[in-house]
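Both of the next two complexes hold subunit A, though its partner changes from subunit B to subunit C.
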Partner chain A sequence: MSAVACELCPRACVIPEGAAGDCRVRVNIGGKLRATTYGRPSAIHIDPMEKKPLYHFHPGTQVFSLGTAGCNLHCLNCQNWQLSQRGGDEIEEVYPAEPAEVVAAAQGERCRGVAYTYSDPVVFYEYVEDTATLARAAGLANVFVTAAYINREPLRRLCRVLDAAHGDLKAFDDGFYRRVSGATLRPVLDALVTFREEGVWIEIINLVIPTLNDDLAMIRRMARWIVAELGADTPLHFSRFQPQYRMRNLPPTPVETLRRARAEALDAGLRYVYVGNVQGDVGSSTYCPRDGTLLIGRSGFTITDYKLTAEGRCPTCNDKIPGVWL
Partner chain B sequence: MITLARHWHRRDVRFLALIAMTALLIALHLGEGLRLAAREGSGHRVIDVKALERRIDAGDLSDREADWYHLATPQESGGGGP
Partner chain C sequence: MTDTRDLTQRPDAPRRRFLGFLSVLLGGLGGLGLARQPQAPGTAPRDRPLKEADFYRPHDLAG
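Take a look at the complex of A and B:
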């Protein structure tokens, strides 16, 4: 019986023949590890870029989004648990789509790029890499929406074909990662730094959960770490928790908590901090850090105002606003 | 009286032996759990591989070989070897 050792993520699963890794979709068949969801997405949608959410990357464009079964994290509050906490053999809905077909479909729908999302694309790594290579050759952007629980070496190789990443930093607390997500913090921080080192545009999201990770002192430490390691221009999104899956015992995040978190992160030195999942909140728009000019107004996933110049500058002070613009 | 004492003594011994064996089994079970938890990289899930192969044959799933793995060393696979 030939066991294999997976090198993709920090779990380092040792998988006996006939078993799957912790992610459920990388399976040892006959002594070889198989990526069973390669070319077999179970969710395909065309989303606005703002839904990823990416606010400084081709705003107002559409992105062809897909995800397969499986995930290497097991968050108690997962919003896509029907997809992520199942193996490929447990899901009926599968839409076979080889990489070339994905790229053709994205072009046919006039999308600006392809997003690898919904579950964590780390577990369908090979599918991402092959699709992203073809997408880039076709002039499409590649967006990686991830919890960033991946080893550095595979991530560095993947970064060659990625344009933007949306990294989920769930809390600045290893205990939270262990209790809520069944993971650890350090590899996530390393992966986020790797995105920056490899020149991939990155935005961070933090889902604020009442009583679990809403401590302002921790939020300040997280913001300071982002300033120091990723840069003050890295957008940070505070998102509103909604009770679901195995975490129905907590209430939705009060909007005031999100606003306080935003104020704390701005005070810690970050220049672009957003409030998400709150319709029409002032914190969902982009302002010039120098003079406060409204640059991009948003309501939900809709852009209500766009005042950046063609060069991505503030029309008032002419400061360059970091991002990948239209 | 002596017969009764011997009877109770044998019963106590058997009862104590039963308790000791139960405690030993619980300790072994907990020890195995701790050993597995302490061994990094032990994670895997048992699946119905026959059902999976049927879905692969039907085209619902893929048998594309993954990147980023190696045959487990004896140390990695817990002494059993690949």
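Take a look at the complex of A and C:
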């Protein structure tokens, strides 16, 4: 009986015959590594692009979104734990769909693209790659919503068929990653840089959890790292924590904390910083960094104003605003 | 004083009866909990056709 080594993510699981890796869904069957959730999504929805959240990528469009069971992280505060913290045979419902069926359904619903999301799509890598290849050929955009805990080589390969990524940077602190997510920080930073190097449009999200990662000095260091390694034009979203799963002992993030984090990141040099999960906050809209013109107004996932020119420029100063626009 | 204790029973009999009752109660509740799990152990996921999926159903999944 031969064990197999999974080289997809930094966990580097060595999986005995008949067993699964840490993600629960990548299994050694007869000495071959198989993804048991290939073609077996358990969550399929059509969401606004703003929900991913992507604010500078085809705003106002719909995206066909799917996810399977399993995850290679085990965050104590996981919002989607009923999907992510289960194996492929522990889930209630599955909607078997080959890649071509996903693409046909997305086209049939007039979606702008396909998003691989809800659990971490790293663990259904092969399904993403095959579906994204067909989706691109059909003129659809591919969106990867991830915690970016993936090795560089497989990520580079996948980037060939990705158009946008939403990367979760949980904290700028390795200890946080170890305690809360059972992971480490360095591979996440490397993966985020890889997205940038490979020309994938990327936006970053940081879920601010009271007392665990809301230290403004750490937020400043994180923002400076983003400026230096990903660029000052990289959108950063601060999102509001809600107590759930195994982290019910902490309160929701005060809105004022999110606003302070936004101010700190702007001060550190980032040009597009947002506050998420707070309905109608001024920090959920896009403004021209040069003259302050409101470019895209948002309330929740709804666009209330759209003033960018057809070329994606500010109508006042004509500066080009980074992103992939309509 | 009159000793009214029933000398035909062992002194700890009521305690044993109570513990027995408690065991049955907790066992029953535990069994009920397992049976009502969204996915009972050993049960295969239910495969549903893609056309049955309501893509627009409100949901609270992040991402």
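One rule holds for everything that comes next: the second predicted complex is superposed on the first by the 326 of 326 C-alpha atoms of A that agree within 3 Å, B and C clash if a C-alpha of one lies under 4 Å from a C-alpha of the other, contacts with A are read in each partner's own complex, and residues count from 1 in each chain.
In this section, a contact is a pair of C-beta atoms (placed from the backbone, for glycine too) under 8 Å apart; a residue touches a chain by one contact, two chains touch by 3 or more.
All values reported here derive from a predicted model rather than from experimental measurement.
Peer 1: Looking at A:3 after the superposition, I want to know if it touches subunit B, subunit C, both of them or none. Which is it: first, second, both, neither?
Peer 2: In the superposition, A:3 touches subunit B alone.
Peer 1: Give one of first, second, both or neither to describe whether A:89 is in contact with subunit B, with subunit C, with both, or with none.
Peer 2: Both subunit B and subunit C are touched by A:89.
Peer 1: Thinking of the overlay built on chain A, is A:52 touched by subunit B (first), by subunit C (second), by both, or by neither?
Peer 2: Second partner only, subunit C.
Peer 1: Based on the superposed arrangement, let me know which partner A:38 touches: subunit B (first), subunit C (second), both, or neither?
Peer 2: first
Peer 1: What is the contact status of A:29 with respect to subunit B (first) and subunit C (second): first, second, both, or neither?
Peer 2: A:29: touches subunit B, not subunit C.
Peer 1: Which holds for A:118: it touches subunit B only (first), subunit C only (second), both, or neither?
Peer 2: After superposing on A, A:118 lies in contact with subunit C but is clear of subunit B.
Peer 1: More residues of subunit A are touched by which chain, subunit B or subunit C?
Peer 2: Counting contacted residues of subunit A, the larger count belongs to B.
Peer 1: Using the superposition on A, tell me which residues of subunit A are in contact with subunit B and, in the other complex, with subunit C.
Peer 2: Subunit A residues touching both partners: 40, 88-89, 94, 96.
Peer 1: Touching residues of subunit C toward subunit A in the complex: what are they?
Peer 2: 38-39, 44-50, 52-53, 55-57, 59-63
Peer 1: Can you list the subunit A residues touching subunit B in their complex?
Peer 2: My answer: residues 1-8, 11-16, 18-22, 24, 26-27, 29, 31-40, 87-89, 94, 96, 125-126, 129, 151, 154.
Peer 1: Which positions of subunit A touch subunit C when the two form their complex?
Peer 2: Spelled out, the residues of subunit A in touch with subunit C are 40, 42-46, 51-52, 64-65, 67, 79-80, 82-83, 86, 88-97, 101, 105, 109, 115, 117-118, 145, 166.
Peer 1: Touching residues of subunit B toward subunit A in the complex: what are they?
Peer 2: Spelled out, the residues of subunit B in touch with subunit A are 40-49, 51-53, 55-56, 59-73, 76-78, 80, 82.
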